[in-house]
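This is the structure I have questions about; it appears just below.
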Amino acid sequence: MPAQDAAPTLPSLLLLLPFFTALTILLGHKLLKNVSVFLSVASATICFVISVLLLHSQDSNPVLLPFISVGNFKIAIDALIDQQSRGMMLIVTSIGLLVHVFSLGYMKEDAGKVRFFGALSLFMFSMTGIVLAGNLVMMFIFWELVGLSSYLLIGHWFEKASAAEASKKAFLTNRIGDFGFMIGILMLFAANHGNVDFAGADGLRESFASGTLHHLAASQPAFMIAAALCLFMGAVGKSAQVPLHVWLPDAMEGPTPVSALIHAATMVAAGVFMLVRCAFVIEASPDAAQVIAWIGGITALVAALMATQQNDIKRVLAYSTLSQLGYMVMAVGLLAMQVGGHHHEAGPGHPAMFHLYTHAFFKAMLFLGSGAIIYACHHEQDMWKMGGLRKHMPVTFVTFAIGTASLMGIPYITSGFWSKEAILGLAFEVKGGSPFFWIGVLTAMLTAFYMTRLFVVAFFGKPRTDSAHHAVEAPIIMVLPLIILALLTLGSVPLAGLFEAMKPTHAEDHPTVVIASIVALAIGLFGGLFLYKGKDKDPLNIKLFANKFYVDEVYAVIVKVFQDAVAWIVAGLERLIVDGIMARLPAYLAARVGSAARILQGGHLQGYTFLLGLGVLLVVYVVVFVLPSVGH
Amino acid sequence: MSVFSVEIFLVVFGLALLCLEALVPTLTRRTLAGISIGGVALALVLFLFASKSGADLPAFVQPYHQLDTLAVFYKGFALVITLLVLWLTVESSAYLTKFTPGGNFSELFSLPILVCVGMMWMASAKDLITVFVSLELVTVSFYVLVAFARKSNLALEAGVKYLILGALSTGVLVYGIAWVYGATGALSFDGIGAALALPETSRTAALLGAAFLLSGLGFKVAAAPFQMWVPDVYQGAPIPVTVFLSVGSKAAGFVVLTRTVESFMATGSVIAAEVQGLLIVGGALTILLGSLPAMFQTSIKRLLAYSSISHAGYLLLALGAGSARFDLSSGGVVAFYLATYLPMTVLSFLVLAILRANGGGEDIQDFRGLARRSPVLALAMTLSLASLAGLPLTAGFMGKLFVFFGLVDQAAWGALTCAVIGAAVGFYYYFRAILVMYATDAQTAEPLKVATGTKAGAIVLAVVIVVIGVYPKPLQQLLAPVPVTVVAH
Amino acid sequence: MPSIFFYLFSAMTLGFGLLVVTARNPVTSALSLAASFVGLAALFLGLDAYFIGTIQILVYAGAVMVLFLFIIMLLDIKAEEGKKPNLPAVIGGITLAVILALQITTVCSSFNNGAVKIKDAPLALQQAGEAAKLPTIANDLKAGVLPDTKLMGLTLFQKYGFHLQVVGLLLLVGTVGVVVLSKREKGVKDA
Amino acid sequence: MSVLEIVILLPIVAALAIWLGAPARATSVGSAILNLLIVLGLLFQFKSASAGGAGMAFESARVVLDNPAISFGVGADGVSLILALLTVLVTFAAVWQIASDKPAIYHIASLLIAGGGLGAFLSTDVFFIYAFHELALIPTFLMIGLYGHGEDSHRKAVAWKTTIYLGAGSLVLLAGLAWLVLEYSGGQKLTFDLNALRAQAASTPLPVEKQGLIFFVLLLGFGTLVSLFPLHSWAAPAYATAPTPVAMLHAGVLKKFGLYGLIRIALPLLPQGAQVEWVQQALLFMLLGNILVIGFVTIAQRSLDQVLGNSSVMHMGYIFLGIAAGTEIALQGAVLLMFAHGISIALLFALAGRMRNQLGTLELSKLGGLASHAPVFTLLFAFGAFASLGLPGLANFAGEVMVFLGAFGSNGGHALGPMQWTVILALWGVVMSAVYMLRAFRDIFQGSANAGLFMNDPAFSQRIPLILLAAALLIVGCCPWLLLDLLKSLSAAKVAVM
Amino acid sequence: MVTLNHYLIVSGMLFALGLAGVIARRNIIIIYMCLEMMLSAANLTLVAFSRFRVTDGLPDYAAQSLVFFTITVAAAEVAVGLAIIVALYRAKQSVETESVTKLQG
């Protein structure tokens, strides 16, 4: 079919263009200084165009490159083009492009600009890989690669100790998640007789629908739960769910555009994306789904609580990201619970994906907005040192307002509202979903509250520092992406019409849900206004939230214990026992015996004659009296 | 022309040499050395022809001598080592001049020839009387040779120790012969073997005789627990004599031991199992007693003495745990091992002699910086030490390989363990010398004065070591059980 | 010979042997060694080995002992009065000797041929076939006397002529050795 | 004279020439480059020369002994060719980066080690496979003992430990091989020829229990050479102390000999040996020791050379895992991993050596912020470090993932046996290596530069070998099939279980 | 009546006696005498065996000729040995075993 023929070229271009861009920049960054910047932006643009073109291609699963093939076992770099990947691709490339553009301004004076853009391209490559991945191993490969690019970008200002530590923390935390992810892959690999493709006749999806795994799920529920949770562990790491959420706030050490692209819109969403890709696994084991939903819910709530007490503007956004991701994960779990073991066609209009899309746009915009603010305030990030910015930077003000509204979910006009409704509605419908429903509502209220707080404190009142006083509107190159994103935010529901994947699933929404969320919104909004209107310092001061439930501290202790104490003890024991028994003891014995044997060579003739005689006696004794009785 | 006539030629030549140096005092040492080396070389050539010609021994010695593969091999071996010893004597003339009265050691060019004859006769002896007389010819000459440099107290002490202990071992040997004779009524190896297969032969008496006999021979080949004389004597004796002892005398001892053991372990022998057990136990013990104390030695000569003990251990194991699985009888393996042992020992002693000639001592530290002073010699010495340690691609490894095969085939795990331990320890004490040679902090770095001929000789020996190590086929064929004296009549 | 003589001479051999080992004065040792060898020679005779017995007396009790005595005198070695014997060596020597003797005795006791009485192994001189070629030997045999020396000579020169030569060579080497080892450095006088 | 013989003898001859006075650097680098080219050429011919990569190629043999039949036989299947490639690559890098002020013995030792490695990998006769490996013993010993780092007593001690440990190990190995040859001689004459032995093993296999015993002995012997836990305590100090080229060659190339031996000799000749329950469980236990225990030990290290030394011990565990699993996927993964680990560790040691020369220390606490001085150096190091922590796109990942997949699926289906649990624990090791590698990277390159510590990027000429290694990592990492295509012989070796 | 064992035991005891002397005495000359005793003991054993192994009516003279050779060799050994001892005395003014303890270890 023509579609099949057409397919490989576009996806492979989509995948490889950023790769070669990154490689070129990596190798030749000495030679082509700013050229490389434009290379990177250009490739981002092209990718965007391609993904738009792909929107109307048919589903296909072309193989792009060979990777491993042993006997009947094959793993290839392929592209699984379907609604889900098409939609995700569009998000990634569009926001990616905008962030590239924004960075042109934001990183203008930065010494490591070239390196920055190189890493951005690398990220685009890796993210594309995840989205297109047609099998679990390939997904894992790019899964780790986005980890790398995020590591590089968080540690962009590596001279700063905090940045260095943050990047390390991010990578390691993700590694722990990937540990589980890999186990999950291995389990499915073994159970499905070496096939880890999603599509295909004996691919996972089919196998779960009717094949081996279908029966296995029935016969061995425990195995399936384990597999599902292991896969989920990967998502927990990547999407920063409790208990592996600690890296995301620290990741804000990176340049703000990075936070917007990677740590708000796309990479962190990869976890959710993967869960939806593997929905069939979760759906095969309701108990796992339960767990997942709980984790999501807890994350949503806890993160929101933490957000209420942060003063760093970017951190507030980071925690809100956490909590929104919690929403999505919860949605995945809920939907699986609803399906309840019965298989169903995943993909179009998954509420989690829907929220992912909308959230991507407005959260990216919020971050870029905060970036603009920080840029204007000479890299001041504490919101209490800002204020009254609405006069100085009107455009940013407006766009930021739109973003905030969408995040709060102002009914009917903002995209955020719709996607949140979808999730709450799902929670409402699902049997045993009521706790999640109330968690959702509570989180919505908190969201409204802390966003109001942020908005009020940053934009209203008087400038609290002169850096805020002298703030001026960011240059056009940075403002433009804001405007576009704002439009998309408002328009992202109508835009959803463009392709099914974004259309909310359930048409009518229950009045209870709507009322509940509106009430929650109102409480949060007015509570925020009431508390923070015209304040110069935070009226309430909840240590527990401000210190993020002391999770980091606890982890710090654990890490210290393992990295230093345990490692030190093990090393000591290894040296003492293993080296002692295998190396030093034999050496010692040999030396002892040797020097003992030297005593025989005392040099005294009489001693020698005695020994010789003794020797004869021994030989006689052995030969005549011992050996015959021993026999052979 | 038969091999026997070569031996007669050697006897005459030796005696002539004695008279010559006694009657013609004007004869310089160089010419004397030249003559004797030339004579032995000639004898070697003649011997090669004779052994190829396949002419049999004259009738009147046939009752006492045989000319099988081993005999031919060991006779040739004796000639070669004698030749090398004479060469070494020349190399270490400085030392000898210093420690012999009047600096006169011309007998050192004639006595070894008579010793050589004795060894050759031992190699082909068919009965214990022949063995005894030729063995004593060798031993008595060695009493003289060891104590030869008697102005050196060490040499003299070595002489005394060797004399007393040697005489003691002779006594044990004779007593053993007596009992073996008493038990079997035979003095020829064939007769003993045959008698041992008979049921009425008294087992205990035979065992007692075997025990004493093997003890006496064990002394000659430096087997534990009769090894205690070796370090002292090797260290005290002049270098050429030490080499002669550690290669020649040991080889001669082993050929007799081989014959004896073969007769004791002849098919159906009532004492085969005990003898084999004794050999394996003794071999293992020898390896340990040889290698473990060697770790502490500071004198290269003493070190090599201990190493020769541990090699004797491997030889005993080869003798005791032969494997019928490859083309070498256990005696053949022993011969093979000795053939590999010859070049490496001679080479290392040669380098030592050269160092002494250049004012060095016998301490390991005197090798310091040899790599700078003479790269070629250092490389040669490295090769010979590696070979002594039994590294692959050198001659020393092949011997060890056969021994390992035998042990595994006999499932003698204990002995195998000892062999492994010995070899592992060997890495330590051989490599110590290597490390010193290449050390960069040498006090003296001025190049060694080495005669081209000497250097060439060293290189040849080194090459031999490597060649046997990578291409053992010719040597092995030399020892293949098919007798060399085929047809011809 | 009657067993009484056997016991007598063995006692003599062993007794003087003991004296050799124990005597403080080397001269005593040497002389008692000679005596012990005489006893030994007698035992040889008792075993009808007349030639060996004679040789034993001539060579050992004669020449060798003289040699020993000569050296002792030459170096004029004092008796070990002052020094007390090296005790551990003595103890070691005695223990080893005892054990060795025990071992040999045990073996002998289990050695079945060992029980043969000397009269059970008679010399049947008449039926001496092969050896009796030489007329003189034949006559002696008819006369019923054992021509030990003749037979010995016959064996030595017929069967072991070669070995005789080797031993001769050995003696020559010995002589050379003695010369080499004891010749004095020219000019230098050493005490 | 066959081409493989040339490949093997070239370094040895070159070493001899240098010892006898040939210009050191020119000779060694020249021979290394020549060898590199030859082997690359062979790689391209291999497919056609070896019946589509299934059989042996470039075979030739010279009889050295009749019985036991020993012949200097050379020949290459995919495994040996890949390892030969590894050897020549690392050799090239190693001799190239030897500073010009170093004595000639640096070149000689490197070449001898290389020659030993090539000989071991390209011989088809067990005797020479064993013999060539030993060729490296003395050079390694001398280089560590004479030119190693640290004060005299320390390096001597390390040299002794290494030598005697390796020596004893190879003696045990020799006993095992002797046993093997004897058992397979099947009554008639003994032979060391690998093909003949394989034929024997195919026609008259040994009883399984005996196979297990012999395999275990071989495992101990080979294992010592590969620093299999608990026989590893020589490795880390040796690599930390050895001069850079020796560390590169020994850790990168020579160490692979033991694994090669297991894959090439033990597994084909004792097919059930590794699967005997007690043997396999012992092996699993030991390799977990490598991964987990040594993982912790590595984390505890505070100086780069120690980290690298221990990490190279730790990573052996994964390769052993592949061998223990014995499935086709796992084995090919193991071979891939051998190559990858060789390249990455060599690269890291080369860089560490350069750091030691320029900064005089490798104490992590003393270092910092080098990235700002030496970006290229940092980049190269990152390649090595991330490769060794198993980042996809670099060679090690492909190998590791194949080992994991192959091992986990070794008994098929969904049962979680000891093998599966081992894999899961081993996976945790991947996290551990991320911990120590990233910490090292952060301490050395990130953060603020310590006062007085300045180092610049290597000059372009010095970059060449390093870039070559890094490129190898990247290429193989992106296209592992390039090498896997050569490994058909493994699947032909009938060791696959799945 | 005397049996072979009588002779064997006597010779054995003589041999043991010699060994005891060799070990116990410190005077090298006496040690050497004891060695001669041991040799003679061996000879006695040989003669005894040869006497008791009557072949066609006569004792086995092969063994006796071995005895003959032993005696001769012993004589030669004594000569050489005493020469060495003399040399030792010249160098050390002593023939005690204590004078030869340099070589050791």
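By letter and in written order, the chains are A, B, C, D and E; residue numbering begins at 1 in each of them.
Everything that follows uses one rule, which is that contacts are C-beta pairs under 8 Å (C-beta built on N, C-alpha and C of every residue); 3 or more make two chains touch, one makes a residue touch a chain.
For each chain, UniProt lists the protein as follows: E = NADH-quinone oxidoreductase subunit K.
Since the model is a prediction, treat every value here as computed from it, not as a measurement.
The chains in contact with chain A and with chain C alike are B, E.
More C-beta pairs touch across the C-E interface than across any other pair of chains. Among the chains present, the centre nearest to the common Cα mean is that of D. Distances between chain centres, each the mean of the C-alpha atoms, put C farthest from chain A. Between chain B and chain E, the centres computed from C-alpha atoms are 26 Å apart. Here the CA centre of chain A is 95 Å from the CA centre of chain E. Here the spacing of chain B and chain D, counted between their Cα centres, is 42 Å. The distance from the centre of chain C to the centre of chain D, with each centre set as the mean of the Cα atoms, comes to 71 Å. Multi-chain contact residues of chain C (touching two or more other chains) are listed as 86, 89, 92-93, 96, 100, 103-104, 107, 111, 113-114, 159-160, 163, 167, 170, 173-174, 177, 181.
In chain E, the positions touching at least two other chains are 8, 15, 18-19, 22-24, 26, 28, 31-32, 43, 48, 50, 53, 62, 65, 69, 73, 76-77, 80, 84-85, 87, 100-105.
Counting partners per residue, chain D has 164 as the residues that reach two or more other chains.
If you check each pair of chains against the touch rule, the ones that pass are A-B, A-C, A-D, A-E, B-C, B-D, B-E, C-E.
Across the complex, chain B is touched by residues 590-591, 593-595, 597-598, 600-601, 603, 605, 607-609, 611-616, 618-620, 622-624, 627-628, 630-632 of chain A. Of all residues in chain D, only 19-20, 63-68, 70, 72, 103, 105, 127, 130-132, 134-135, 137-138, 141-142, 145-146, 156, 159-160, 163-164, 167-168, 171-172, 174-175, 178-179, 181-182, 185, 189-190 touch chain B in the complex they form.
Contacts from chain C toward chain B in the complex involve residues 103-104, 107, 110-114, 159-163, 166-167, 169-170, 172-174, 176-177, 180-181, 183-186, 188.
For chain C in complex with chain A, the residues that touch the partner chain are 86, 89, 92-93, 96, 99-100, 103, 107.
Listed in rising order, the residues of chain C touching chain E in the complex are 3, 6, 10, 13-14, 17-18, 20-21, 26, 29-30, 33, 36-37, 40, 43-44, 46-49, 51-52, 55-56, 59-60, 63-64, 67-68, 71-72, 74-75, 77, 80, 83, 85-86, 89-90, 92-94, 96-98, 100-101, 104-105, 108-109, 111, 113-119, 121-131, 146, 151-152, 154-156, 159-160, 163, 167, 170-171, 173-175, 177-178, 181-182, 190-191.
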